[in-house]
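One chain, chain A, appears in both complexes that follow, with chain B as partner in the first and chain C in the second.
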Partner chain A sequence: MKKNNNMGLAQAKAKSTAIAATVFLFPALLLIGIFIVYPVIDTFVISGYKWNGISADKVFVGLENWKTLLHDEMFWKSFKHNLIVMVFSIVLQIPLGMLLATFLDAGGKKFNFFKIIWFLPYLMSSVAIAFLFVYALATNGGMVSSFASIIQGKKVTIDLLGTAPNALYTVIGVMAWQFTPFYMVYFIAGYGNIDTTIYEAAIIDGATRWQYIKNIAIPLLGPIFKTACIMSLIGSLKYFDMIWNMTQGGPAGTTELMATYMYKLSFQQFSMGYGSTVAAGMFILITAIALIFNKVFKVKEVY
Partner chain B sequence: MNKKRVIGTLLAAALAVTSLVGCGDSSSGGQTAVNTGAKQTDGKNLPELTTEPMEIILWDIATDEPAKSTQEGAVQRFMADYPNIKITQVHQQNDNYKQQLVVAMSSGQAPNIYVHWGGGPMAEYYNSGYANDITDMYAKYDHPEFIDAAVAQSTYDGKMLAIPFGGLSGCDIFYNKTIFKDLGLEVPQTIDELEDVCDTLKANGITPFSLANASKWTGSMYYMYLVARHSGNAEFDAAYTQENGGTFTSEAFIYAGEKIQDWVKKGYFPDGVNSLSADDNQDRALLYDGSAAMMLHGAWQVSGIKNDNEEWYNENIGVFRFPEDSEAKAKGVPQDVEIGTAIGMGMSFNCYNDDGTVNQDMLDACYVLATQYYNDDTYNNDQLSTGTQPSIKGMEENIDDPNMKIIADVFFNASNVQLWYDQYLPASVTEVHKNCMTELFGLEKTPKEIGEEHDAAMQKALAEQ
Partner chain C sequence: MARNNTTSADYRSSKIKSKIAWAIAIFFACIMLVLTLTPFFFMIMNSFRKQFDMLQQGVFHLPHPWYFDNYINVVKNGFFGYFLRSVIVVGISLVLMLIISAFAAYPLSRMNFKLNPLIYATIVAMMSVPMHVTLIPIFKLTTAIGFYDSLKALIGPYVAFALPMSVFILTAFMKTIPKEIEESAEIDGCNRYQNFFKIILPLSKSGLSTLAIYNGVAMWNEFAFANTLLITPAKKTLPLALGQFKGEHSLDIPIILAVLTLSVLPMIILFIVFQDKLVKGMMAGAVKG
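Up next, the complex of A and B:
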């Protein structure tokens, strides 16, 4: 009590803020600790063991799994697939999202209909989308093959998911279909954040709509671009659900991603230890790429 | 804003409904035995079951009819006789069942009874301490007279680890009788004759085989049979151990691979074979619309096709065993190795106390449930009526479906039953095998390359054991 009296007002305030912050942050931190920090650490711990995932005896093998990982052809092949998916995701989804957002921003209320229609794919679950496209692309009675057959007047089989290079690009296309709406909404929000006075000032100065977009809006959207790119990058590096349901990494591993490979090892092939090494490897690679990206593309805050 | 909210609500509702459906309802279905005080186990040589309350957790994959009613019926009959023992039956989705089980075991939540397909995973569960050894109980107490192949498949390392309940399944070739009759084709006895049949079909614009190889194990059946016809079990068994020069690049494997690729080139399989999926029955669909004439598949297709259209099935579907390799036969290679499963599924028990000792009371209850209620007359009749052949001696006499009769005949006369490679091989080799099947039918790798990949995976798996 005595101590309290000696404290200055600023100090007391700082202390109560600290207490409040602790109280409010505690639940979130606890959950993050249990569901994110602990599993990440545990993944690294398990990566040091040879363990089938169910047995009570784990054998500590040190860095053995990591050595295997460095020379694991399949892992690096799936990493390469991840990189391809990443590049195409950024190149397709973000410009497309931007374009749609610009269109909607220019159109205002009139285009609300498109806003809803275009956003629908993102509302569907990845699993549903996967099944939808598996059926649409089926070689036997699927939409694509059937239309091609009607147009050409004879039975044509367009095999998009069953042959080697096609499958990966098909999956990338479906991913773009799913995620472009997300970036669209993101950019719409970005446009909404630009002060109308800037727009008005530009118009009064005689700028055309195009000049406004090119010279004012896009530079102002810079930070949004960057965040979108990082989200797309991380998303495509850890992508799992839709690929799993569409191809399970097939045909013959040509759409295998790091995440599907990790899942197969850990839960289907009874090698949880090595599967964890792959997961930890993924963690390191994704973090590294995201950090590098962040450094290389330093966008100045223009606001 | 309002529209969005409506859509959101609808989607949320849809989600809620689908997740509820997944839960199922274990209390419905099945016949409830009339409790007359007499148990159906009375007078049999069985362990005395506890009278204390007990709860047993059972995991199966009986999410769909008719398996759901059949299996729930067995549990209901057991609980009517032993009201103090509560069986909590959990139906898991087949698709991720194996993964669920691994997760449950690793987190100490493993069920007391769980179903599986035998083979490599069963060995894995046992070696990790999640399967009770029931050899002594099986020798001491009453049980149905399972066929030898079923007992063999429930055994690992000389120990009985499971009680069969799923019924046996062989693979044979289903064919469209009408098409065969119209084109004047006979059921082929040898692989050469089979190829003649295929050529005739092809010349008439019909795809010889309906195959959905996105599922991979479907294409594997052709590979397995060609290997088996060319070398019996000898070369596969040798390759499996990788000892005494055994290898997946030995003659029979190369023969099988080359034959398949030859058939692919000749157009014996449908276009886009690697993207058709058996999970969606796309192979059956090709049979239905008459664009394909034959389908090598498991015996469960009988009930599947019957369910779709019984009339069409009766009119059109016949079955024959995989033809013989006449050259190999001349050399004395047995031509009656059957690919399939003798148990369909088995159930293993995970009854241990906290200190790691066997919980015998619970194990006794599990044993009685699996041998006397599953596999009892009611259960077997339910199985038979849906086209499933119980793996119990003498049961073949109760079949009336002519195709099922042929399938059972082939099965019971087989000198050996080879379990599907993708169930039999260690899990890591299975993955390689399945990928190889895609590449084989996709003409992306040669039979030799595929064999070498199998060898590498097999050696790695053996080294880790």
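Up next, the complex of A and C:
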């Protein structure tokens, strides 16, 4: 009898826990369901239609859009640009951020001034940066052209955003300007997490600052370095705001990325069916690349 | 004796070497300083020029005379409207997001129920969904429920996309609060709901403030949803103000640089006032991986 009572109590407790958990979790799950899960599924559903996004007549075309996607030169070109951006982001931003962090870590408090100034670009939104650099890099009245004109003593125009091979690399440079401070602060935190006794022990053993950095600190930063790479990787594959406001993918599609291409198709040309296919393709590619990276480099679960 | 000599010579030469290394490092540090600051300098200097002075005076000269009308024009043409709408959207979204994510993190961190690991894993997996993939369905949904072209339209997506990471961080945070505190409160007659509001929520303040900064900055700068879901100028938020002003004054570069300066200013002021806290908050996204 007493045992039964206990069972009843335990069950009642489990039940009240389940009820409380449901109450507390409900709003979050509802919103995530409506605005993330459902839209992802719906993107795949819409990718089966020919639809302009407004009119009621949606024509089911099956896998037609997906066939188009496989042979869509512009999409694969955009993907290639994403990959170029990805490689250069990892190669430029992360080492540079690490270098700046190393400098600040070695210099200590007296270099705080550098830290504050170097962080400033990360305070600007991507949209603001895009507009700023459109004017700063303009051929007429831009920073670079004006500077070159002063140096050479005559009017020089350097068209960084308007001509084909330059534009993509200029965009990559602007991205480096924007995101290097992020990795800098990230690595400063990484240095901060290294136990100071390790440094002291190394110095007592006669190591120089440089030897400490090279042989002890950098190997210890390994896991952080990998996480930084995967952040940069995913970030570059879904890059949108800055490019959209700076070049809109131009000139002649040479800075087109998957996200800008999708946006152009969907909200300028109003072919939302095919736009959804591009979005879904982008989702598949990003997920696949992130998974492959995780597998190859055995990134420890950061979750 | 001889040995001593070499050591001190070694010592001296290594000291010189280290001085040279520092000199080179500081030289490059200064170059980075110039590269970082020049665009800001360009933006601020030229925002105080008349439209045509920019080409005549040269962009690197100090403005002559300092021309403040750009700022007056920007303010007259509704800058504070954009600003205010951004404040409203970010304010409402942020409060909702913090409450809802704290709600969700509480059972995930402190209650045993069967679905706990599954729900947690699902929410965490949502962190890696790119928002662009959801843009068309959310546009469709927003139109269908009649929220298109109103500030209401932004709140749902802003809250939802901030939730996964916030729940993830808060769950980890709440796990560090000792169980004994709750147990003793239970003995004093508090139920779970009272526990949450009286104990867990107040103790999570520092985690919540980090999330508020990170997501506040992200929402403040959000462009893609706003650009897709708002169309009337009188309803647009601050990130869209730049495009709007550019459309209206396409040739007047200084006036757009004034808009830029004004839109960057709040962040720089916050940075000066709450330096470390802001940096820490903005880095919260680093767990996203």
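Following the convention adopted for this analysis, the second predicted complex is superposed on the first by the 266 of 303 C-alpha atoms of A that agree within 3 Å, B and C clash if a C-alpha of one lies under 4 Å from a C-alpha of the other, contacts with A are read in each partner's own complex, and residues count from 1 in each chain.
Methods note: a residue touches a chain if its C-beta (ideal position, glycine included) is under 8 Å from a C-beta of that chain, and two chains touch if they have at least 3 such contacts.
Everything numeric here is computed off the predicted structure, so don't read it as measured data.
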Note to self: What does the overlay on chain A give for chain B and chain C, a clash or a fit?
What the structure shows: clash
Margin query: Looking at A:Met272, would you say it contacts chain B, chain C, both, or neither? Reply first, second, both or neither.
Written below: both
Margin query: Per the contact definition in the header, classify A:Ile243: touching chain B only (first), chain C only (second), both, or neither.
Written below: neither
Check: With the two structures laid over each other on chain A, which partner does A:Val85 touch: chain B (first), chain C (second), both, or neither?
Finding: neither
Next item on the list: Return first, second, both or neither, reflecting whether A:Thr163 touches chain B, chain C, both chains, or no partner chain.
Entry: first
Margin query: So in the superposed three-chain picture, is A:Thr287 touching just chain B, just chain C, both, or none of them (first/second/both/neither)?
Written below: second
Notebook entry, point to check: Just chain B (first), just chain C (second), both, or neither: which does A:Val171 touch?
Noted result: neither
Item checked: Touched chain A residues, chain B compared with chain C -> C
Next item on the list: Go through the superposed model and pick first if A:Ile116 touches only chain B, second if only chain C, both, or neither.
Entry: both
Next item on the list: Give one of first, second, both or neither to describe whether A:Gly53 is in contact with chain B, with chain C, with both, or with none.
Entry: both
Note to self: A:Leu31 in the overlay: touching chain B, chain C, both, or neither? Say first, second, both or neither.
What the structure shows: second
Check: Can you pull the chain A residues that chain B and chain C both touch?
Finding: 53, 116, 120, 123, 125, 135, 138, 140-141, 267, 272
Notebook entry, point to check: In the complex formed with chain C, which residues of chain A make contact?
Noted result: 14, 16-18, 20-21, 24-25, 27-29, 31-32, 34-40, 42-43, 46, 53, 100, 103, 111, 114, 116-128, 131-133, 135-136, 138, 140-143, 146-147, 150, 177, 182, 185-186, 189, 208-210, 227, 230-231, 234, 237-238, 240-241, 244-245, 259, 262-263, 266-267, 272, 275-276, 279-280, 282-283, 286-287, 290, 299, 302-303
Notebook entry, point to check: Which bits of chain C are touching chain A when the two form their complex?
Noted result: 14, 18, 21, 25, 29, 32-33, 35-40, 42-43, 46, 54-55, 58-60, 100-101, 103-104, 106-108, 111-116, 119, 123-124, 126-141, 156-157, 159-161, 163-164, 167-168, 192-193, 196, 220-221, 223-224, 227-228, 239, 242-243, 246, 253, 256-257, 260, 263-264, 267-268, 271, 275, 279, 282-283, 286-289
Note to self: Please output the residues of chain A touching chain B within their complex, sorted ascending.
What the structure shows: 50, 52-56, 116, 120, 123, 125, 134-135, 137-141, 145, 157-164, 250-253, 264, 267-272
Note to self: For a test of understanding, state which residues of chain B touch chain A in their complex under the given definition.
What the structure shows: 3-4, 7-8, 11, 15, 98-99, 102-103, 105-106, 110, 121, 124-125, 127-130, 214, 216, 270-277, 280, 282, 285-286, 427-428, 430-431, 435-436, 438-439, 442, 444, 464
